[in-house]
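Below is the structure I would like to discuss, written out as structure tokens.
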Amino acid sequence: MTEMTGLRAWLLTDTPQSRGQARLASLYQGWLAFRRNPMAMFGLAILIALLAIGALAPWIAPHDPFYQDLTARLQPLGTPGHPLGTDSLGRDILSRLIYGSRITLYIVTLVALIAPLAGLIVGTVSGYLGGWVDMVLMRITDIFLAFPRLVLALAFVAALGAGIENAVLAIALTAWPPYARIARAETLTLRNADFISAVRLHGAGPIRIITRHIWPLCISSLIVRVTLDMAGIILAAAGLGFLGLGAQPPSPEWGAMISEGRRFILDHWWVATMPGLAIFTVSLAFNLLGDGLRDVLDPKGEK
Amino acid sequence: MTPLLEVEDLWVRFPTRTGLFDAVRGVSFKLGRERLGIVGESGSGKSMTGRSILRLIRPPGQVTAAHIRLDGEDLMQHSEAQMRKVRGQRISMVMQDPKFSLNPVMSVGEQLIEAWRVHKKGSRAEARRRALDMLEAVSIRDPERVMRAHPHELSGGMGQRIMIAMMLIPDPELLIADEPTSALDVSVQAQVLQIMDRLVQDRGMGLIFISHDLNLVADFCDRVLIMYAGRVVETCAADKLHEAKHPYTRGLLNSLPRLDAPQKRLEVLRRDPAWAQAPSVRPS
Amino acid sequence: MSALFFDDVSVWFGEGRDRVDAVRHASFRVGHGESFGLVGESGSGKSTIMRALTGLAPDWSGRMAVNGNPVPRGRHRNRLFYKSVQMVFQDPYASLHPRQSVDQVLSETLHLHGFRDIEPRIVRLLDDVGLGPAFRFRYPHQLSGGQRQRVAIARALAPEPSILLLDEPTSALDVSVQAEILNLLTDLRAEHKLTFLMVSHDLAVVAHMCERIAVMQAGEIVEVMGVDEMRALTPAHSYTRKLLQASLGYTRG
């Protein structure tokens, strides 16, 4: 116990002795602030559980998600051996949901890496350099924003061919413009800040200022926004899956599962409802997490 | 005669990671129809004192006091609804920067008229007339034009005068001015102070003037409280401020560069932890 | 040759109808090792002159020179300029990057100027500005206003400049902290043989720090005087007299 309090004191010190300690201490203080928000902690717990489920899928799934048993098709909830029932081909819904979490995580991770990064680069360059660069980049952004998102994604997938990778690409291509807008707005307020002027007076060039001084201040609000958008991204992926343009059968992608279950929705409601509930839970978890992160990360909330 | 305002044993506390932080510790004073200056450095609790009189400290901050009496009525016993009537009607507050206190999308005239109609009953025409009177009272030369202007079209001094005009509409008994001239140039500062000075005298208001500027307070106020670390360390007549005894007050006065007396080095204030521990001084 | 030379400098913002002439035909020189003050009310253009010199206000005409080297137009200056001229900003709460520790700020600055021996230099800079090594890994939010301003001064001193531009360096600070910072600047000037160009609205501060003072009104320099004239309250121009009168204190009218 004394060791714990020693560690705590070391992390909470106002006089860190080294770079590492300073960095860890600020992380720890962020964590303390985050921990005070119970809803955000709840969201985080769900997402950690999702990660664990995805990682341990082969061990915790009761059945092979692709194994069809036509004699046991459309079994209701609570059937022995199939707690969440089976679908139209007699596949175990629980197992399919468990394996589907991997696909969801895959999509979410890829989109969360590509879209904000593209937005960050476009937005900060545009905001910092201004002039014609800003004009050109922002008009391109406007063009992307002018299309309804799902329609644009549909067009991309139609052009590139159906499949998870292309769905991810399509979603990322349609998701970056809002991030570019946010990053640009932040950059405009930072561009003339005294601390930016100060590094300029030491001869720092635009690339250095953008990547080292502006990015760290934009990234937090982007992380918050991405987490809040994550629900939308999952739904877009599910939507593409539902329309048959994302993951292809027999892949247990949640959207595709809803799409398959749709035909039986009146008599066998659980087939579509269970993946729906999974999407709902994960989206909610990301939203709660995003709210909590906003309190911790958003520099405007700081003193 | 009961004083206009009596504050007795006022504490303001904020919870922090390491326990409760006392921003104001046991401050007591009485105020008549006079100009009382509260001076101190940032973090001395001077603004907190002003805000807590209006009960404007937001949770998690906590305000406790034996009493805060306005004309004998204890504000600490008031409900939030009753406090809303006190704020603006009987006690007004002028803040440092008028930009944040005026509504940017309404013209000055609309804001003044609305402020008047919130507090008084009467027609729009009358409200308008009173608003014009008010602008004249704060020495605005072309009130008709200023009525149509939006806050961003005004200079700092003009904005601050309009704020004062707005605060004076309901005829408050007490005006709390928190660094009202710190954002202004010296020449404009003098104008604004003159206006406040005249209004206090003509209307018999009480004024609490919160400032970090010792010279200004010495010239402008009748009495001064000097605050340090949430306590009143010294109190004196304003014109005797330069003869103050407390080492903190002396230190502050001596750390100022002077136009009339060149110094090689400025005196640096040596802080004594005992200052923060001694109980608040009670003004006579 | 002067450390700073301004000849017929005009600075403006915007173009066409929106053009605002912030500084008009300003000429003055600052000798080596001299401390020169610019005073005036807000909007008089006193800070704008500094910003034009450093490239933060790019639209100007006239001639400016640093140690005899003409200053080019536009935003960019050469390495020599950044090595010889540095600036301390008004608000220490805005002039430090909120996510960078003192150590990061100083090591990046030293790196930008091509120094190799960063480690000992950081220690020495912190020592120079009266901050011990304990402050090295703190973030701005863990520092008081005065400590932040000391970090900003350390950053300005990092390239070992000969000229320091001080833009109201103490107006955001308490008077007791102001005294500490002004004393620090006085010491540093003696120690490093610095030339100061200081902007302030506080005449007493400028009188304390500077030997010669230019008074600005509405973009123009109306008077340049020695500090003794100012202390004796015998300026030539009526505006200067008015300014001095106002800063002597409030008199009940």
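Here the chain labels run A, B and C in written order, and each chain numbers its own residues starting at 1.
The rule is simple: a contact is a pair of C-beta atoms (placed from the backbone, for glycine too) under 8 Å apart; a residue touches a chain by one contact, two chains touch by 3 or more.
Listed by chain with UniProt protein names: A = Peptide/nickel transport system permease protein; B = Peptide/nickel transport system ATP-binding protein; C = ABC transporter ATP-binding protein.
Just so it is clear, the model here is predicted, and its values are computed rather than measured.
A.B. asks: Looking at which chains touch, is this a line, ring, star, complete or other?
C.D. replies: Shape of the chain contacts: a line, open at both ends.
A.B. asks: Please name the chain that ends up farthest from chain C once chain centres are defined by their CA atoms averaged.
C.D. replies: A
A.B. asks: Let me have the rounded angstrom distance from the C-alpha centre of chain A over to the C-alpha centre of chain C, please.
C.D. replies: 46
A.B. asks: Just the number, please: Cα centre separation of chain B and chain C in whole Å.
C.D. replies: 32
A.B. asks: Enumerate the residues of chain B that touch no fewer than two other chains.
C.D. replies: Answer for chain B, listing residues that touch two or more other chains: there are none.
A.B. asks: Applying the document's contact rule, which stretches of chain A touch chain C when the two form their complex?
C.D. replies: So the residues of chain A in touch with chain C come to 14-19, 21-22, 26, 193-195, 197-204, 212-213, 216-217, 299, 302-303.
A.B. asks: Help me check something: in the complex, which residues belonging to chain C touch chain B?
C.D. replies: Listed in rising order, the residues are 41-42, 145, 174-180, 182-183, 186, 201, 203-205, 207-208, 227, 230-231, 242-244, 246-253.
A.B. asks: Under the definition above, what is the set of chain B residues touching chain C in their complex?
C.D. replies: Touch residues, chain B against chain C: 41-42, 156, 185-190, 193-194, 197, 212, 214-216, 218-220, 251-252, 255-260, 262-263, 265-269.
A.B. asks: Tell me, which parts of chain C touch chain A in their complex?
C.D. replies: Residues in contact with chain A: 54-56, 77, 79, 82, 85-87, 89-91, 94-99, 101, 103, 108-109, 112-113, 134-135, 137-139, 141-142, 152, 155, 158-159.
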